[in-house]
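Each structure below is given as structure tokens.
You will see two complexes here that share subunit A, one where it goes with subunit B and one where it goes with subunit C.
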Partner chain A sequence: MSSTAAVARRPLGLSAGLRRFWLNPRTARALSLVAFVGGWQLIIPFLPTELIPTPIEVGEFMWAELRTDTLAPQTVYQAFATSLRRLVTGFGIALLIGTPIGLLMGLFKRVDYFLHDFVVVGLAMPSLVWALLAAMWFGFVEQSSIITVVLASVTFVIINVAEGVRAVPKDLVDMGKAYGASDLHRVRHIVFPSLMPFFFASLRYGLANGWKGLVLAEVYASTSGAGWTIRYWYDAHRAQGVIGYALFFMIFALLVERLVFGRLSRWVFRWRPSAGEQRDTRPHGGAGGDVILPESADADS
Partner chain B sequence: MATIKVQNLRKEFITSDSTVVALENASFEASGHVFVSVVGPSGCGKSTLLNILSGIDSPTSGIAEITENGRKARNGYVFQAARLLPWRTVMDNLLFVQKNRNEETRARCQKYLEMVNLGHTANKYPGQLSGGMQQRVGIARAFSIEPDVLLMDEPFSHLDAITGRSLRKELHNIWVETKKTVLFVTHDVGEAVELSNRIVIFGKGGKLREDMAIDLPFPRDPADDAVALSKANVLRKFEELDLVAS
Partner chain C sequence: MATTSTTRGLTSELQKGSQLDQQAKAKKRAERRSKWIWRLAGYAFFIGLWQFSSTYLVEDFILPAPLTILEEMREIVSTGLLVEHFGATLEKIAIGFAIAFVVGSAVGLLMGTNRWWEAFFSDWVLLMMTTPGLIFVLVAVMIFGLAYIGPVVAVAVTGFPYIAVNLVEGVKAAPKDLNDMARAYGVSRFNHLRHVLIPFLAPFIFTAVRYGFSVAWKVATLTEVIAGNEGIGFMMRTEFQTFSMAGMLSWVLLFFAFALFLERVVLQRQIDRFFRWRPEVTA
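Presenting the complex of A and B:
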């Protein structure tokens, strides 16, 4: 930073710490959130309706739910546990069906031509359609929700497995062959690790889309679960229930992303050079450090 | 003693609209403590030859085999790119090509990493190393199985001149020390003259055109008159055979 800029800012009278706080991107994000919630709270009294709750009312509702003090037949914990069980079961089935189909599509061009358009249609199909069809065909049973999850997520599994198989690094497989590694050894150490990014993509998108389908299926074809509880608050004309549950979904999704996917992918992809650790492809790069030094020393000799 | 035997070797690649002949009627033999360079213009089947000898490809007809006292030999292969598993540490990359993974093997891998001056990188991932260092790990991997024969496919062509030069010196010293049979594919005539005691020239269409000995004392400095003259001789041979920029 140039010294003139530092001089120009001095008349503001801000201390260095306060200025850093003000310039921090997180401050701006927090301010936007505070402004939104504050504006919401202030504007409600002027609206001619009883159906929009204030943030404080939503907060009170959520706090009561978390203490299991609720009018609904299921507590928030029971509702989410039910939905989570259906999601995991449905996505498990989607993995079992989607993985072999994806493998075949990735390995054989003919299978790919044969199925490609159906997979694309499946990706584009709104989850709502699957939820309604499952409700019509199977009615108010556990299976409707699970089948909706399967239908809403299986195409994400198929497309990612197929892409992953096509992206297996042939040069590494050939290297394994040249060194006489067995098929099993090559699949385990070359093919399987190279599929991991695609596996994570199918996990993220498949679960996200399956979850959306599940909530809809629970609204239309279930008597339990998080989606059904939203329906319950909708029928009761309690908007803070609907909004509160929407916020529970967001918190739930964030927790899964941070605690499960974030950690899992950091561990699985720990071999990727991190931003802080400069990768240097030239032997005489200026990065320095203990990794690069021996290289420069050799070149001098 | 290891023997490389190539006899009437032919390799065709069949594509949807044509058949490409990569190697045609190629024959040569090499055995013992020799360093043989295979040179020729691009598309002359040099890499195909190594891929067949290493078992990645199979020949259309003819013989291509490497034996050690009558049995099938163990080959180390150094590729143009390092071809390391990015998700395994340097040590695990070496262990990947071993028959078993006991303490003795581990110690041997460490020994060959130290041979290429990379003993301190055993627990690093390839992505944390420079291109030249990755290539040296590839060389250590080839030696770590204690091969009978070393196959090298333009191992230094992706590196800058200075790194390439220091690795050539290293390779020569290791070859002198370990007394391996080396088959070295390159398009760089200077490199071939600097390292080998024999040069085999392939032409377009995978035909073997020339097989010549380079009888100069090691170590060879490219700036040395005799070495420079030898290089000029090989290049003249290229012109006579009409292999230049065809």
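Presenting the complex of A and C:
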């Protein structure tokens, strides 16, 4: 471990091929993982507590969890499946409520004036507050987690749909009309593609915020799900459990990001000529472009 | 004769112009008026709805009337609870956020200027951004304890990726030609930083601070809700446990008002001051 790190820092003495290998961004990514685990192992003696497990202990815990060998009432698959079901249900409801409101706000200025301030408040509200309020209002039932997701994500849907409607290129719609494109055709090929970036923004931020709210709602008002299970390990003072679950959360987020958003956005934006090339023409050239940046000013914790 | 007709034509043109001008102004005024009318109607509608549902639809402990909340808020402010607990929370935020800012800027600059380091950090930054704050709070509190370091670490860890990401964007968008020119004219490194790079990066830094700050608020509150013995979050938990909806809503509203004040007034003033060299400030 330490020898690889030392080599990485002085690639100059090596042959050109090896040097290229070290300078490859892929190597850097792999190395960052090694550095993380190594740093973790090394820092343990300096921490003010005996509680912290070594990477191996956590690895063993995670492996046992993955083989569904667990002390917790739910296995890791069940826990995440429960949470995912709630997230999808809640976000579906948020889409159903938020889309018509967003359409109205985008089309009619008066509706926009009427609702705008409240939508902004909803955007800025910590999901913690929604979770606590839902817990107080509905108690320990399935609905309170779902309602938390709805409350935490609906404003993101509203604001993005409204922005999207305003950004539909009117001249292109007019041109389509002039060239005799049918209504369906215009909606399918002009309105829809121009709405897509906004739809994705609402999906990304709405789901992210809904997910954060859901985890908290599960901690405070539920007896199942991934959030509840990490709480279970925390209350049981099992540090492997907490850190192991924290890593599961990260892996879950990464999977969703890569598989769902990556695939879906590539498919939806396949008509764009140079989505991939654009990155490389930037002044310093982005490596892989994997950092997802908050594009709208309303990203949320 | 010809001159008079020209002048007459000109004056009529001018009159027409000023008429148009006035029409535009009147239209604008009407627009603004309608905006305010609808906005106020919105407020009236929602407060009315709140009042209506708390009197007729649901029990008082589910949704207390607006006046009850106002009364409760007044009490919190007058008894000094507000200052005490906001101070406690703010202190954690300040320290944690300062750490996040320093580390985040360093990592962001490194990532922006070097592809290798970008690849090294990018996965982690992305992960830290998408992981729910609760996870960091639980881990930080478990490692460093509830007292002081735990919450500060939680704030620093959650604020860090937002700062790093914004700085990366800023560095990548930095004007290469200005850099080259500065080098060609032999501008010293310090002057280059002071007069080219930092003014250019400033908007990105402020965006970073905004994001990071709003995240820091939420995480600091969350830590106190999970495990703390003072601060806004602690008070929210107390109200939650005693099932006092009025108290809960009052703290939420106060929290909100204070966060808004800090961001819109305090931070915005700093931003305006910083950008005073710009010809037009539209903030």
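Keep this in mind: the second predicted complex is superposed on the first by the 245 of 301 C-alpha atoms of A that agree within 3 Å, B and C clash if a C-alpha of one lies under 4 Å from a C-alpha of the other, contacts with A are read in each partner's own complex, and residues count from 1 in each chain.
Everything that follows uses one rule, which is that contacts are C-beta pairs under 8 Å (C-beta built on N, C-alpha and C of every residue); 3 or more make two chains touch, one makes a residue touch a chain.
These numbers come from a predicted model, not from an experiment.
Applying the stated contact rule after C-alpha superposition, one finds that A:His189 touches subunit B and leaves subunit C untouched. In the superposed model, more residues of subunit A are touched by C than by the other of subunit B and subunit C.
In the superposition on chain A, no contact is made by A:Leu103 with either subunit B or subunit C. In the superposition on chain A, contact of A:Phe36 is made with subunit C only, not with subunit B. When the shared chain is aligned, subunit C comes close enough to touch A:Gly227, but subunit B does not. By the touch criterion stated above, A:Pro126 is placed in contact with subunit C alone, subunit B being left untouched. Residue contacts after overlaying the shared chain place A:Ala178 against subunit B, while subunit C stays out of touching range.
Put simply, subunit A uses residues 282-285, 290-292, 294, 299, 301 to touch subunit B in one complex and subunit C in the other.
Interface residues of subunit A facing subunit C in the complex, by the touch rule stated above, are 23, 25-26, 28-29, 31-32, 35-36, 47-49, 51-52, 109-110, 113-118, 121, 124-129, 132-133, 135-137, 208, 211-212, 215-216, 219-220, 227, 230-231, 234, 239, 242-243, 245-246, 249-250, 253-254, 257, 282-288, 290-294, 297, 299-301. The residues of subunit C lying in touch with subunit A in their complex are 34-36, 38-39, 41-43, 45-46, 62, 111-113, 115-127, 129-136, 138-139, 142-145, 158, 162, 165, 168-169, 171-174, 176, 207, 211, 214-215, 217-219, 221-222, 225, 233, 236, 240, 243, 245, 248, 252, 256, 259-260.
Within the complex formed with subunit A, the subunit B residues making contact are 51, 54-56, 74-75, 77, 79, 81, 83, 85-89, 96-97, 117-118, 120-121, 124-133, 145, 151, 159-160, 162-163, 166. Taken in their complex, subunit A has these residues touching subunit B: 171-172, 174-181, 185, 189-190, 193, 196, 271-273, 277, 279-285, 290-292, 294-295, 298-299, 301.
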